[in-house]
Amino acid sequence: MIPGVTLELILYVTALGLVIIGLAGVVLSSHLFRMVLALVIAEAGANLMLVLSGYRWDAVAPILMQRAEQPAMVDPVPQAMVLTAIVIGVGIQALAVSILIRIRQRYGNLKRREVAEKMDAEIAASAGIRRDISQDAPLGERPLSPLPAHTAESRGGDA
Amino acid sequence: MSEVELWIALILGIMMLSSAVLALVVKNHLAAVAAASVVSLGLALLFALMRAPDVAMTEAAVGAGLSSLILALALRRLGLWQIDSGSENSNLLSASSKGKDDA
Amino acid sequence: MTLTLLEIVALGLLGAAVLLSLLRLILGPTTPDRVVAADTLAVITTSGLVILAALLGSPLYLDVALIYGTLAFVGVVAIARTIEGNG
Amino acid sequence: MRNLTGLLFAGGLGFMLLAIASGIDFGTPPMRIGEAIQSASPQEVGAANIVTSVVLGYRGIDTLGELAILFAAASAAGLVLGRRHTTTGTQRKGGFVLFHGGALIFPFLLTIGFYIIFHGHLTPGGGFQGGVILAAAFFLPLLARPGARLHHSILSVIEAFAGASFILIGLAALAEGQAFLQPMLNQDTLGSLISAGTLPLLYIAVGLKVGAELASLLSNLAQTESEQ
């Protein structure tokens, strides 16, 4: 047996690893469908974490059996909470997926950047304002609040 | 017993973490759904190991059956079901390499 | 608690099967390879749940294996229908 | 650059979570409320499955809220998807194995689903799991025959009756002078099928409601696939 590796360590690393992988996927993925998958994975890690908090050494499942003496049981409260969380999670997943279907029908694409650009353009058009400030990450030096004289120039530069 | 639990948890942890990474980096969306179902599969076994049969059963029913059902139906409606989808390919780390996405 | 030889052999075989299927899931060059690997893992997990019920000495976990076995079929059927595409 | 910040964010979050998790004692006896519930539940509720008695007996209102959330999610998904009358059925019919296998497995799924629901207070399982299985059972023929569809009106009637009966059972407890959703009736012997008062009735209502909601959600998702 590897020294220093305990059951506790393995389980916590798994749960936290799932949460971190899921959140990194939400931040990094370039496709909206992958974002939904990443959310599912992060939720799995969080559920595992909750169940781990109710674990108890040498205990049995919280179900009464016909036994002579009743051994110790694990904590039933986190299990009930996770039971609720899983069912709600699948409802949210279905809702997210149906929103994805609508986005695909509307914008014809699911890439995060393109959808965001099209959505911004649509919002700007419906609000009747010019969309002259770049929505991307700041590239180099840019004035914090563009002056009216500079905006025309910078827009021309962008186009 | 604790020794056995440790080995089971180790194998399941490796399985879940590697397939979680796989679900986010693999190019094909259907393979990603399959990998995500493997994550919830290992999770169900881990819940059973943690003496939570109720939660394990819920996770088995929801994660193995319903979640992959919903995601697969959504892939069919999203038009991402192709086995060799050429233009819809997306990778996790291709957000910055815009030229590759647009190609 | 000591394990009998039978349980040790069963657990070892299951672990090896999980690792081999995982290898195919990760390496699998095509998507159907990965889907079949995921289905195989579901079957292995079902038998793992049964062995876990024997290890923990409680019949409660057999219900979980029952649910898992039936619903993994439904999930795999859905993925397989998706591979068929819109025809 | 964005990848780097994303990874940095994930790493920092992981460090924070690890710091929190290292403070949790692993494998210690349960919290005080857990111990109280474990000792009091067999007399107060009478369900052999203590998780069930937490879900329905002690935290019944949470379950009602969960049902409400699931209902909201399902109806919002139906609303977002919209347009019921688009065409279906350009997909090929299923093969021989799927067609007859689906027909063969349907009664088994139905039996397992109702078994899980009815024994929710004795063995692991209950309304949610059984409802998921029922939804899968009724959806499986749709996978084999793309032209078929579920009757949304029947599903919504079942769902409405199940939800109403859940609330009515809760209100009946209120009329008896007890708390909302508190289990009533004769609790009988612990571990027999008819025990635990109204908990099995509540779980039947939950199972039917969840099954109807998920089935209509799935058939909503499966429709209009030939639109694009």
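Each chain carries a letter (A, B, C and D) given by its place in the written order, and its residues are counted from 1.
Keep this in mind: contacts are C-beta pairs under 8 Å (C-beta built on N, C-alpha and C of every residue); 3 or more make two chains touch, one makes a residue touch a chain.
Just so it is clear, the model here is predicted, and its values are computed rather than measured.
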| item | value |
| --- | --- |
| Chain pair showing more contacts of the two, A-C and B-C | B-C |
| Inter-centroid spacing, subunit C versus subunit A (mean Cα positions, whole Å) | 27 |
| Centre distance in Å when subunit B and subunit C are each reduced to the mean of their C-alpha atoms | 14 |
| Inter-chain centre distance, subunit A versus subunit B - centres from mean C-alpha coordinates, in Å | 14 |
| Whole-Å gap between the CA centroids of subunit C and subunit D | 24 |
| For subunit D, residues contacting two or more additional chains | 1-3, 49, 51, 116, 123-125, 128-129, 132-133, 136, 139, 217, 221, 225, 227-228 |
| Shared-contact residues (touching 2 or more other chains) in subunit A | 11, 17, 21, 24, 28, 52, 54-55, 60-63, 65, 73-74, 79, 83, 87, 94, 97-98, 101 |
| Two or more partner chains touched - positions in subunit C | 56, 60-61, 63-64, 67, 70-71, 74, 78, 81, 86 |
| Chain contact topology (line, ring, star, complete or other) | complete |
| Footprint of subunit B on subunit C - complex, ascending | 1, 3, 11, 15, 18-19, 22, 25-26, 28, 30-32, 34-35, 37-38, 41-42, 45, 48-49, 52, 55-56, 60-61, 63-64, 67-68, 70-72, 74-76, 78-79, 81-83, 85-86 |
| Residue numbers on subunit B that touch subunit A, as the complex places them | 2-3, 5-6, 9-10, 12-13, 16-17, 20-21, 23-24, 29, 32-33, 36, 39-40, 43, 46-47, 50-55, 58-59, 62-63, 66-67, 70-71, 74-75, 77-80, 88, 90-95, 98, 101 |
| Subunit A - residues contacting subunit D, complex | 8, 11-12, 15-17, 19-21, 23-24, 27-28, 49, 52-57, 61-66, 72-77, 79-80, 83-84, 87-88, 91-92, 94-95, 97-99, 101-102, 105, 137 |
| Of subunit A, residues touching subunit B in the complex | 1, 5-7, 10-11, 13-14, 17-18, 21-22, 24-25, 28-31, 33-34, 36-38, 40-41, 44, 47-48, 51-52, 54-55, 59-63, 73-74, 79, 82-83, 86-87, 89-90, 93-94, 97-98, 100-101, 104, 110-113 |
| Parts of subunit D lying in touch with subunit C, wherever the complex brings them together | 90-92, 94, 98, 102, 105, 108-109, 112, 116, 123-125, 129, 132-133, 136, 139-140, 143, 225-226 |
